[in-house]
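Chain nomenclature is as follows: A, B, C and D, assigned in order of appearance, with residue numbering initiated at 1 for each chain independently.
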């Protein structure tokens, strides 16, 4: 039995971590903090967990010792507390953006201020097992990738040698904006939208370039969905290629990966990846179409931003670090219809 | 290890049975039939199951022997094949309406034709463990209740002694109509509706009266949702009652039930039962409000029509019949946000 | 040419008034106030009006003289400013709840504080032309009815002589909660709900009793929709009645009304009233089903809460007061599909 | 008073034409045909029109003489009947794809069969007033552009001199698939999707190339929406350009156009074009972002596929041909919130 704590457990990512950990018998949750909902039961904020626990949110002023500490604090806050966190727990898995970029200069360039703990950066692996499995185990600490970045890197990575200019058109659900109400997330305003919210210069471009070497042109849209990301990746190919080679590249990269599926059918309703059937699951589905007339490869990538795009990836890292079966606790296959 | 078969496995209820059975290690699925999708892989129709199996739909002309046979054939078809089904399997759990009503006259009254196998009716328990746990075990065969009926009976049953006239206003998602496209389920027509589709005379009234003794007045509406039922039950009270007595009645009825939760909060966003956070789960959430000014008790009941309202209840019956832990395989707690 | 002003023009009702007035050539808008968006263009808040005007929100500290003043201030605020408003404009049409109830005791009972201007109550007609056309003209001032109340009164009023106990189950869109973001209107929380939000004791019961003499039992639910109300009204009949009599009662009440339609078809997809095809229109659609087995009449009533339930009713009153054709500016028939 | 007829009036485009024509006092509708709903009232299929007319669908075997005939027959059917149609009416406005491409070879290339009436092609203007106003008047017949093509051409046209490779990522509502139910439009399957349905080779590319000279790379997605198209157009710029030049180009092209709006704000919720507030309106909203880091211009274009993308454009052409004010009958500004 291992012990786990969650700092910042009242957010949507925190709730998803709780769901994934509270249903396990090999992990004991010892602490879940929230300054905003201090003293309330977890189920008050996460109603799906009502029956699973009577635990209450505590302050993060005092951290319980634990084997793994998940950190769901806001971007920019985490780095100034990381020394403390690393003291409280043998392993830290961070869900903020603070420890994703290896180079402090990159952090400053994209986030507009110097990194507060540049010397700790090298202690964190980029928490994408498909690319950094051994590094995650070796370092014992991981920074879970950004949700949009995950959907793009996983699809694009195998094709970096073939890629010229790459345009990415991402569509994302409302949960990605977090659980604080604003004018743009108010239901009458947010319902039914296709809303460009980051037309250029999205920060996840930095992670994508770090992991794939490609400086993608990303435009993100908020769409009518709570959970999920669908990224359409338009790659200008730098040489001619046949469809069977694309199959071969994808299978070569992912045939043994437990959470990557290649989805491309000629018939049926669900012929390409779609986020709706992935809600709650840890899968990233990847499909493609070759546009021979234009020398373009179109990749489609779908995942649940709160699972494979955050809490699920974090748990996958934890399993690796603890030497537990990597897919444990992440078996939920998703629903259909939904 | 027990073996299971599913007849009529390409429908939405069949898909949900597959999801619940394929993720278990104590049940071996030996057959899944579909006349319409004969020979295709299960994942072609149920895309969330793509990675779980390579099994293909077979014909139901030849039934494999198994320990339990789930029958998802259409209403009216099942009863004429039940003799055959009972021969192929030690236990049969039927998801149609054919074996829910104990009295053949009631069947004829509500379904407009004589029952084709009246002598087999007594071999089936009404598959609601909360009311008929022992009978399900004793008979070894069960008829899973109707989805709307389930939501109403579970809430109303404890209050039958107090109830005068009872009006039920039900709201239901589109998956309840099955997976055959029609004019009224076409997305542009079905999107965003609040559509009265059974304003009076709904057949589930028969089951409700059988189980609660109350001849409810049910009006059902199709609403914008794929999964889920929300029933609002307006009870004219035949005597004065205080709120604490209602709590007492509900706790008395359900405090040990694994899948019934009493949901009623003074604060927070999710103060009463809501179906959206139950998608995929086997919970039936029940809440209430006492309208003292009118001598009215309002019950709110929510569940997932495909799980607690169909496949989940069926699996719960199977667990009971096999003497397995009743909640096994039904642990998914639902998602939030969603 | 008549002049009009709107106090509190940045809310959803204010925006709808603007839409209905800015497209007319016989009404000149002279002022639109908003404390919150002071100085911004109207189109900043109401993006559908961007091209219609360059007007900006002004303060309501100084009111321009006008022929009609629409007041969209919050409940409880209006009454303390009504003397001033009546001084600024020949006619006032109020959209708050402050002048709907004729008796100040009723106001105090339902709103929990004494009415601030009880002597002004008699100067306001209840702004429902179908019931009070002449009174609206005579008084020259009107209080637009509550949105849920409108949907119920219009359907129920013709049947008051037949009604015993009346249960109303209302479903309402998110725009009814106004345009201020809260935890319960945050998209990830509000999306896809069927959420009981006023299980008993809804204040609109007061208006309904005043206008129909019936003390209805109202339970209101928030549902997945931005605009629209659907009320299902379950009437215990105090005598036997045939369907043709119901038709006769409805036609007698409404055959000459420009904005009431009787909707009840045996075939087709839209057999009963549905709010989605009424978005933007001033119609109230009314349908019914007779449940002879239970001596119950079920009425279905649908309208757009921002139009017939607020701004449209207000404009209809204005037309009457000015002696303009009653339906002028309210011709938009609604969209299908939508 | 001019007379109008509609062939194929039971489809969604036909219904929208009816809505736009039945509310006018200068156009008399003399015929609306439907083979499928022959003899039924128009309101049976188009419930928003119930109160506007008692007219019934007739057969198209006999065409009434009229001043303008709108043709809503399926693609491929229209061309074989065009001789007949041109005989029945002085002016024909076609809503199919049959007369959009000027060159019969292009038709054959994209639609896979020879054009049935190549000699008639030159009698039709491409029905986009912003580009072909005089030609529409001169020829007196028009082919309304494809809905996705409209959204792209209107945004892209002013930038053809600057454009290198152009990727278009389009998102479209369910009404674009027409009113015939299929497996992929069944509500439980279609709800909440982001579904790539035309990943490459979309036929509208032919129109776009004809009108802009650019061979765009188009990928289309079905999204959760009934009406509306949002096209995100990623242009590789062939030279450096500043934001003010882009403003200048757009204003130069569209400042006098009644139905094109430039939408780009620094603040507020609706900062870029969004289709939801355009439902029912004839506007095409165009916005942009300059991605200087990549030499990329991102255009956002939104419209209602059934109005500016079909019936509204057709009525705009009719107004031009008849010498009526171009915007007449197309004044509906759209709704907010919605």
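In this text, a residue touches a chain if its C-beta (ideal position, glycine included) is under 8 Å from a C-beta of that chain, and two chains touch if they have at least 3 such contacts.
Computed from a predicted model, the values in this text were never measured in an experiment.
Visitor: Report back the single chain whose CA centre is most distant from the CA centre of chain C.
Guide: Using the mean of the C-alpha atoms as each chain's centre, the farthest one from chain C is A.
Visitor: Pick from A-B, B-D or A-D: which pair repeats the contacts of C-D, with over half of them the same residue pairs?
Guide: More than half of the contact pairs of C-D reappear in A-B.
Visitor: Using the touch rule from the top, work out which pair, A-C or B-C, shares more C-beta pairs.
Guide: More contacting C-beta pairs are found at B-C.
Visitor: So, what's the distance in Å between the C-alpha centres of chain C and chain B?
Guide: Using C-alpha averages as centres, the distance is 39 Å.
Visitor: CA centre of chain A versus CA centre of chain B: separation in Å?
Guide: Centres of chain A and chain B (C-alpha means) sit 35 Å apart.
Visitor: With centres defined as the mean C-alpha position, give me the chain A-chain C separation in Å.
Guide: Chain centres of chain A and chain C, defined by C-alpha means, are spaced 45 Å apart.
Visitor: Tell me, which residues of chain C touch at least two other chains?
Guide: 12, 174-175, 179, 183, 188-189, 191-192, 226, 269, 274, 337-338
Visitor: In the complex, go through chain D and note every residue touching chain B.
Guide: Checking each residue of chain D against chain B gives 12, 173-175, 179-183, 185-192, 226.
Visitor: Where on chain A is chain B touching in the complex?
Guide: Within the complex, chain A contacts chain B at residues 12, 15, 19, 23, 44-52, 174-175, 179, 226-227, 261, 263, 265, 267-270, 274, 277, 279-281, 283, 331-338.
Visitor: Report the residues of chain A in contact with chain D in the complex, numbered from low to high.
Guide: 165, 167, 169, 171, 183-184, 188-189, 191-196, 199-201, 215, 217, 219, 221, 223-225, 228, 230, 232, 234, 236, 269, 271-272, 274-276, 287, 289-291, 293-294, 296, 298, 300, 302, 337-338
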